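Should a chain be cited, it is by its letter among A, B, C, D, E and F, assigned in written order, with residues numbered from 1 in that chain.
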Amino acid sequence: MEQKETWLKSLMTKNPQEGYELAIKLSRMGVKSTQPDMDVLKKLRKEYANSASGLTAASHVVAINFQTISAANNYWK
Amino acid sequence: MEQKETWLKSLMTKNPQEGYELAIKLSRMGVKSTQPDMDVLKKLRKEYANSASGLTAASHVVAINFQTISAANNYWK
Amino acid sequence: MEQKETWLKSLMTKNPQEGYELAIKLSRMGVKSTQPDMDVLKKLRKEYANSASGLTAASHVVAINFQTISAANNYWK
Amino acid sequence: MEQKETWLKSLMTKNPQEGYELAIKLSRMGVKSTQPDMDVLKKLRKEYANSASGLTAASHVVAINFQTISAANNYWK
Amino acid sequence: MEQKETWLKSLMTKNPQEGYELAIKLSRMGVKSTQPDMDVLKKLRKEYANSASGLTAASHVVAINFQTISAANNYWK
Amino acid sequence: MEQKETWLKSLMTKNPQEGYELAIKLSRMGVKSTQPDMDVLKKLRKEYANSASGLTAASHVVAINFQTISAANNYWK
């Protein structure tokens, strides 16, 4: 991870939907930490965004991150 | 995620079956967040809905989201 | 999910083995929610039931659902 | 699951190693519930037992089941 | 699992790093339980140790086992 | 794991972002424990860093390790 700016201040969100959006962000940072080159990422994104298995795999990672964030927020109860 | 309307108000559901339906919804939103184009999604859906590994992978993501929702609802005890 | 009958009343089961059977049912509903056509499902089932990776993937989904059900039942302690 | 004999009485085991063995058993039952034909299973087993990805996938399922059993046994503390 | 010697006495470790090493051991035992022949294992190891997806899959299994062991040790707090 | 130096002293981090960085480190150590040869790793890294499925798989492992670290830190509440 080259970037040194703060991108993840807290796991707390106001509601489940913002929690879901944070889960998407975490999933993308996992990709970026391995491949920081935005041009490569854009090219690859086009690929897997048009592949059924690529999209399911992306949704899978989001689901795991959403599990973490939901627990952190005590499920917004 | 381009859409700004509220689609996820709460993780609470009345019973396990509605929880399962919410898990399916979450899984689909994970896909939509990467590929918002409904025409592409419909085409891809036809593909993986006719592939054993595609269907198992879809069921896998639902299982993880159902785990989250079940915990949120204290397993509807 | 087109079906509207109740198929999941509770996560509670009498014992671990019935919990395991419920985990299998949940895994199959995950598949059915994407592909409701029983004829397609039967054809695909023949495929992955004869594929080592297909069977392992199926067992994987069952394992996750069994985790959820086991927690719901406080591990039948 | 055609078999009706009891094969899973309890998630409790005397120690972690027996817990691990139970995790292996659960993983195999997940496979058997989809493909009950022992002749097919034996043939497929030879396949994936000689494939790196097949073995890793099998170990993956065992890891998830071991997580469930370890929690059930309060980690044998 | 043919081996009958004790290889897993406890999930408790002195510190996180030893916990990580135990997670690796558990992951390998998951493989060995399916393929006990050490010669086959050595040959396959060479394969997946030179494959990006094989290595990621191995790291995945270790991550799940490390999750179990970390919980068992109350995160070494 | 040939290395004997301490690389994992604690799962505690000051904040979520450092927790995420530790999750990346754990994921990489999982790979290194199977393939310690840095030259091989560098070559393979180039491969999967240019593959959509490789990057998603990497992000998946990070997500699981981040789940562990987040729980260890009580979600930095």
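Please note the rule applied: a residue touches a chain if its C-beta (ideal position, glycine included) is under 8 Å from a C-beta of that chain, and two chains touch if they have at least 3 such contacts.
Predicted model, so just to flag it, every value in this text is computed and none were measured.
Think of each touching pair as a link: the shortest run of links from subunit C to subunit F has 3 of them.
Note on connectivity: the fewest steps through touching chains from subunit A to subunit E is 2. Homomeric contact subunit A/subunit B: same residue numbering on both sides for under half of the interface positions. These two copies of the sequence, subunit D and subunit E, are related by a rotation of 60 degrees on CA atoms, to the nearest 5. With centres set at the average Cα position, the gap from subunit C to subunit D is 16 Å. Distance between chain centres (mean CA atoms), subunit B to subunit F: 27 Å. Counting only residues that touch two or more partner chains, subunit B has 45, 48, 51, 53, 57-58, 60, 64, 67, 71. Taken together, the touching pairs link the chains into one ring where each has two partners. The cyclic arrangement of chains, taken from subunit A and going next to subunit F, is A, F, E, D, C, B. Residues 15-17, 20-21, 24, 45, 48-53, 55-60, 62-64, 66-67, 70-71, 75-77 of subunit C are the ones touching subunit D in the complex. Residues of subunit F touching subunit E in their complex: 1, 6-12, 26-31, 33-35, 40, 44-45, 47-48, 51, 53-54, 57-58, 60-61, 64-65, 67-68, 71-72.
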